[in-house]
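This is the structure, below, for whatever I ask next.
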């Protein structure tokens, strides 16, 4: 029986645009999805680039005006992957058009905007989703399953770092990710936000935080020419770096667990080092994004003679998602965290259930981010606004 | 400017059929290929299954008779992923039709057939390729680059294992991979063949071998019902296992290096453990397929105080292939070893050059496999037939 | 030429007493020390136990009254390894007797006592040392060397954890380490103190801290019977746990680096997991006590193609201390962090120089510990008292 | 109650002399041994060096004539650590004197001598032991325990390598270990012999072998001046290397298991890399000497969702030997493989039982070594002489 087609419009064609294009193209090729996504239209402001992206990523059409796109009656889903500071505008507008809206994280560049978006989405009665894709790395979903089964017991500790080094060189220019007006924040919203989502999903809501945001290199060359990936060409002129280079905070979860969070782009040798560890009364879990097909699991109840962290290759048929890819230990890549998220989204749509994660998660994530920023300024503990 | 379309016919829809479908679908989505592959027709004997595969993997048409397919004038490339014992027949026939032919490894189930195929291909003047995909894992290609640059020096040792455990349970049935008539051999042709290809590519031709093939579980339940992946349902009746469970051999390379090779499906806990190490006069290299985005590199010339194996994440823009995927340490998966091989194949086609690896590699690989089999029987050293 | 004998008195015979006994016995067996330590007398309150310790650990005599011992004219060095709350009393008295005094960490259970001890020692003009032994793990000393050579550049981040799990079971009794009166604090003074020492040595003085101390299990069975190692038998009665189970803090170093510190005894599967990482403008360093013979080193200036963390086996002749043990990668054990510290102490004595680390380090360490305790109570940033 | 003293004479003061001295000095400091070893006399031909060794390693006396020493009535145990080609002479003579004799491996430089030694020892009725110390690394003894308990099931595979790189530089001179007259063989007897002992102990007797010995660098500078450790100064003159640089062989065990063995001194970056893996019908074990306090254990019966190699820190109280050292994960070093072997020897002596390993093991090990040498020459499979 033919699947129901689902027409997708993608706003943004850069790094995340590429990743989302791939996931929309691939999701029904691996999973028995209830819908067949149709890559209808990709939209961006630069016509040459968006046309090239259409050709490269396999979209039917391209467009340069997002408003036209979100108003099209043949579009079912609007997927927003533009720069952070336009999420609220575009995703909000798409919500008002009654579309299903998937928004890249962060939901917005500040909590007030995020709340407005959620209110808009709820008023419009749409299905809203946010792309916290790492939840659906198989090892992370497996961690969730073990925690939900009580295998780790009561959680005492969450300990997460997300470390990169791509701006270590002080002559690297002020790309948009280093500009507060566009990005909202630096490592904080870009990297720590991922840790917060994983922590909220696996441990629970965060009750209070004490944090410190630091900018190690306060001035850099102004950007001369943009590059579609992470980099760009430097000009001779200097400009202020207006975002944090490093975000560190302690947290107390509502359930009593304690947590440490650290995100930085100044960690030489750490390329995409999202690593977290959870310690509970019955065991522990360790995940490292750079080896995302593995989960380390420790059960305290194992006999002491043969007790140790188990290196589980979470790519067996029994593990979340992976039975639909390749045989065990034929690893999947980064891109399939997006594919898996879309699989979940399509299942939610078919079931008429809210997506997970959704804009409520986006708002709460933003609330934690903002509490940390506040704490960094107040030098005191702060509670995320409820 | 529009790319030239290249019409593909895929014969076989099982595990390798899925992997090749994906690679054909994806190659131009990541790379600037000279051609745009068109997934024209997928072919298999079981109509229900091949129709489902067409829908699932995104082919335009399906067919049940390979002869019709290879004779179609609108087909440019025939890709053969059927069971081993039909490679010679189908790929040979496709060659005679003048198609570009990509054949899954092993080229054939014996050396004589492999040679016939090569002769046919050469007579037909076609471009022939074999799918030794692991060459094009970025880390493996990076190893090749370092060796070619002389960074490892004169090679003394190659040491490779390819270990799995999926038939450890003696009640696992005799699937086609355990049937000599269909598979040709067991771990030997399935797993050791990959090690041989990597060793030939990185170290050089193998001059002589001494080996031992063993079947640990000599009888198993007959297969009751096939499964498209690796498994199947067992019947009550027993059947002989006619292939090796374990293949071990020592080798002397033409250039004086010595090698050890071990392939087995009886290594509990080893899921897809292809691991090899090369030691040369100036340094060493280590690769592990289960962490295929990493290469361990040691340079003897580093100062002793800070000398050690470097864990290189071979996903930076400067590493082979990976600049076309994601930013560094956003890892790629197993499937892209196929994508990269197709990228190379398309480049060869455009340049009018022989593909690499091709059927000459297939023949030489088969010659090594056969020399080991001969050695296991003769209990003496044997030279692969030139 | 015969070495000058150096007569040692050891106060305490438990875990640390065993480790110090071993180090005194062994130091001149590996190193060309200026003195030959003589294991003169071991002292403890329980006569049966101290007699057994004398026999087991190779001391000439035993004694049960420390005052007698420290007043003996034939004693050159007094080494104090008693419970934390008697350090100030015994080590202070030994200082007043004019002995060279080595004191186990922590110097005292509070900052005021630690300062008094230092004042006493300085007034007496003695050589004072504190047993922060991990400085002298070869890999840690190698890290110090690289930092001092400028190989890591300006330091941005220190990130240290010291995790254990030996009190995870809530029925584990209140041993002395869980009693504030005896131990001073829990994980904080026991484990975080080690991280603080390493951080101070490698990065520099800590300017301010914000921390949180938590006690997860607030009541446990009272201790029925002591055990000389870490454990003990539980009684039926419950008692309050008066120390922290977990110590977490953020720090800002005087030189602008930022740091995270976490110590806990509630991390299932972490047995003696002291791990720290330092990220600087030119490279990074990683140490893990459980693999204490290895140091991971990253140099940002390495060519991107072959750049990665180097796993350095710091047991070559060129590495600190290790040339005096065994050939490379014939690893040394935990016990030799003490042996190496004594080697350094004996060299200092011979050279007439202050020991390192010494009671100044003890005081500063205590000041950081106390600032964290204060911060945990005040919920604000606090500066260690100068 | 006072322990019975046991007077030890050590012949040889070089690398192994240092290691054995340390173990004799330490064994009763950690274990409750039935005897108190007395370091009576150390013996060597070079008076200056042996006197220095006495002082450094803590022996009561020194001597330069081994015959005098082994005839002394006050000597209970003779421990032979001289160059390989004098083992037969000295250990044999000591046996004839009725002493308990511990001999470093290899027992002799050829099988005939080894057999003569065993015959002599049996005729004399002495307790004979051989120093295959790695059996008593806690992780290796733990592996033995698991195998004996049937936890790994029927063994299919043994896979061992012992790789070093200290003669990679062709200008390294011909030290005694590269001289067949003194050493017997190269990597083969030095390194492969250790793998053979472990394999025999854990898997069982070896039924037949097929091997290849290679010398990559056939001439090197003659040795100008000896060095007590592994090195030496090169002269201007060249000399032949008369031993193997690399030893590779396949084995079939009597119980049907298959094995691969590889030892080499030409593996850049491998410093003391003794690593082996055992795969059985129920699980697998992995050991790496460079991380000798860890054992990797895999149980096939674990649930697939959480199945993986467990990294067991074999330093808990429940693990062999380690309860007598330090708390868990406070690692022990290489030297204590010797200490543990002496502990076992002392227990055997007290119980009046044969030592393990003993000269029977030495003979069988030599038989395997010799069968491999024969196979390397005959290019055929060879059976170790019974």
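General remarks:
Chains here go by letter, A, B, C and D, matching the order in which they are written, and residues are numbered from 1 within each.
Basically, contacts are C-beta pairs under 8 Å (C-beta built on N, C-alpha and C of every residue); 3 or more make two chains touch, one makes a residue touch a chain.
Fair warning: this is a prediction, and the values are worked out from it, not measured in the lab.
Counting C-beta pairs in contact across B-C and across B-D gives the higher total for B-D.
Although chain A and chain B carry the same sequence, what matters here is overlap: shared residue numbers make up over half of all numbers found at their interface.
Taking the mean Cα position of each chain as its centre, D sits at the greatest distance from chain A. In this assembly, the C-alpha centroid of chain B lies 54 Å from the C-alpha centroid of chain C. Taking each chain's centre as the average of its CA atoms, chain A and chain B sit 35 Å apart.
Centre-to-centre, using mean CA coordinates, chain B is 41 Å away from chain D.
Among the residues of chain A, those in touch with two or more other chains are 307-309, 313, 316. On the chain B side of its complex with chain C, the touching residues are 142, 145-146, 151, 296-297, 299, 302, 304-313, 316, 318-319.
Those residues of chain B whose C-beta lies close enough to touch chain D in the complex are 156-157, 159, 161, 163, 165, 168, 210-212, 214, 216, 246, 248-250, 252, 256, 258, 260, 262, 264, 266-270, 277, 279-284, 298, 300, 307-309, 379-381. Those residues of chain B lying in contact with chain A across their complex are 15, 19, 21-22, 25-26, 28-29, 56-58, 166, 229-230, 271-273, 289-293, 313, 315-316, 325-336.
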